[in-house]
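Order of writing sets the chain letters: A, B, C, D, E and F. Residues in each chain are counted from 1.
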Amino acid sequence: MIMEGTRPFTVEIQALVVSSPLPIPRRVAKGVSSNRLQLICAVLIKHLNLAIATKDVFVNVTGGMDIKDPGADLGIALAIISSTKDKPLPENSICFGELGLLGEIRKVGFESKMLKEAKSLGYTTIFSPETHKTIRSIKL
Amino acid sequence: MIMEGTRPFTVEIQALVVSSPLPIPRRVAKGVSSNRLQLICAVLIKHLNLAIATKDVFVNVTGGMDIKDPGADLGIALAIISSTKDKPLPENSICFGELGLLGEIRKVGFESKMLKEAKSLGYTTIFSPETHKTIRSIKL
Amino acid sequence: MIMEGTRPFTVEIQALVVSSPLPIPRRVAKGVSSNRLQLICAVLIKHLNLAIATKDVFVNVTGGMDIKDPGADLGIALAIISSTKDKPLPENSICFGELGLLGEIRKVGFESKMLKEAKSLGYTTIFSPETHKTIRSIKL
Amino acid sequence: MIMEGTRPFTVEIQALVVSSPLPIPRRVAKGVSSNRLQLICAVLIKHLNLAIATKDVFVNVTGGMDIKDPGADLGIALAIISSTKDKPLPENSICFGELGLLGEIRKVGFESKMLKEAKSLGYTTIFSPETHKTIRSIKL
Amino acid sequence: MIMEGTRPFTVEIQALVVSSPLPIPRRVAKGVSSNRLQLICAVLIKHLNLAIATKDVFVNVTGGMDIKDPGADLGIALAIISSTKDKPLPENSICFGELGLLGEIRKVGFESKMLKEAKSLGYTTIFSPETHKTIRSIKL
Amino acid sequence: MIMEGTRPFTVEIQALVVSSPLPIPRRVAKGVSSNRLQLICAVLIKHLNLAIATKDVFVNVTGGMDIKDPGADLGIALAIISSTKDKPLPENSICFGELGLLGEIRKVGFESKMLKEAKSLGYTTIFSPETHKTIRSIKL
């Protein structure tokens, strides 16, 4: 869930993590900047020990959207974790939050607006700076 | 078939898949972004086991058009599959649909408009989110 | 011969094909996009077995023009073939046509206008989608 | 702390330094230009002997901001030092200052305005061109 | 000598050719596009057998100008030849002309205007499409 | 010292030259284009025999400025020489002048204006096209 201006907006972010044949594995994203993807991967390797250092990581924002809002970091991170561990996220779940380089989940603007919107849309599991302080504390 | 604004529009997408002499095989597209082509190739390798990891993949949108609409994903994917397997697509066929990283074929906007237009243009085989839920379910 | 808007326009396209000292041979073009040149080279290798996979290919549009019109594909292809085989094109020849990844020469807009203009300019050999259906059918 | 026009503004800059598997280690920044990050890393290697030559260095400006103000150099440098040595910066600390290639901390515009703002915001440790003349004189 | 719109304009183009320590030698230009420099180098290697294939080639347009006019090709080429052979161009010389991939020196617009201007400026040796048909015919 | 339009302007340019661990050493500049830095390095290697071919060269324009004026070439060159030889420039010195590929120091516009401004600012050593004809003639 991201903010478009002052309006909450739901997007689906997907990741695909596969073993890489390349010495420098790919980090390819559509709808998210490549630098941002590299930072998120570095955080996941450092703070979760996630085994993606030698894997290709692909990220897709469905619907052809481009996302600048840092609040989508957590969604990108969870998608990568989910694909790496081959465990789906809980059904009916949604998330928002910026991911810091220390692995902390940072507050974003308009949180109460987002929480309200998420509940009104029927989401039952919400990952947010409210519910989790660090990426490490999220158990998938 | 893509949407130009709110108008359905027919384009022809071609692919050429050849063995690559390079350690990092080429993914070259004209009319489609390189990142998008890389994501689609990754999906085809992962979900169809398509043997393109060591092949050069070239994609061309004929007529010199640039395509942003995610609904052209399926057309790109089918063109690559067809060239890799050296099997032509069914005659008189057309397709639209976004391709997700899980291999699912995703709904796009204006589907009924597109279906109507496709039929009125005389296409008899239509690949779409209506007819196929996943790329795996399409047999060429 | 290309279309500038709705006006036919004559350009000269040159190619230079030389053995490459590099592991990834050069494809350098001035006036034509690099992606487009790579696609055309791939077609010539695949459908004509043209020996350019390990050669540097340079393409130049004389006069400092930039060409977007896909109808110049055939001119680029013939220039590359001519330089590779070291055989000049027929005197007084001109060409237009889009080159598909299947090696087919595709129709372009305003063909009759172009043909008329070409004849009025005194060209006696015209390569076009009218005269040749595939790049393979052109004998140099 | 940076200047946005003539207004002081507080940003948080983070760094993550990890061993690199690559022959050319990564310098990836979000919110700061890559060239600038490379210069700062070079200064830290040269003047502090900081062991980052074979490490990947990631820098993040939180909140999705882009920083052009050279006064943020010191913040970037301290974040990198802190992550490399695994020592947090003092609590309640803030900094500003341009970093020269000789390792000197250079004055920036509006210093008194920034100092005043920093104190009014309750920061107790301030690293600035006032307090430190060189990066070498800052002990973490 | 180039045309700025319809006005002849004198620029000085310099080249520096030195042995290269790199597997892919440098072609670096300021004021001229890199693609253009690569094409000109390819022509000089092919048609003059000039020994620059393993050399770094640097080209500079003095005064900080950017040149698009294809008529400057000949000046770039002569500067490279002169530096490679370590022979200065004749004193009081000036040149203009487009360089084709076949090594031919091509006519440019406004030639008589340029010739007139060159003479009125006191240049005594003029290399142009009038005086030389091919790059091979110019003896330095 | 550079010209901003028709106004002389003083900037400080710094360089840092360090041994490089890389096969292709870095040339990284902030505030100056990378191509320009490469040309200047090539001139210093060729005409001064300066030992930077296997060194990383970093250049910084302090204050976050971007410099297009070719008159800053000499300042960039002297900063690199000074860092390579580890000899500071004379105190109270300033410079301007374009650097040609032959190692010559070229005149720039508004020289008398610049000289006047430099003296009025109290600079006692001035390197300029007036005082030195070539980079070789400057002894540090």
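Here is the rule we go by: contacts are C-beta pairs under 8 Å (C-beta built on N, C-alpha and C of every residue); 3 or more make two chains touch, one makes a residue touch a chain.
As the structure is a computational prediction, the values presented were derived from the model and not from experiment.
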Those chains that touch subunit F and also touch subunit A are D
By Cα centroid distance, the chain farthest from subunit D is C
Comparing which residue numbers subunit E and subunit F contribute to their contact, where sharing over half means same and under half means different, the two sides are different
Maximum distance between Cα centroids and subunit A occurs for chain E
Cα centre of subunit B to Cα centre of subunit E, whole Å, reads 46
Whole-Å distance, C-alpha centre of subunit C to that of subunit D, is 53
Contact graph of the chains (line, ring, star, complete, other): ring
Ring traversal (subunit C first, then subunit E) gives C, E, F, D, A, B
Residue set of subunit C touching subunit B in the complex reads 23-24, 33, 35-36, 38-39, 42-43, 45-46, 53-54, 68-70, 98, 100-102, 106
Subunit B residues touching subunit C in their complex are 14-16, 18, 21-22, 26, 28-30, 56, 58-60, 62-64, 83
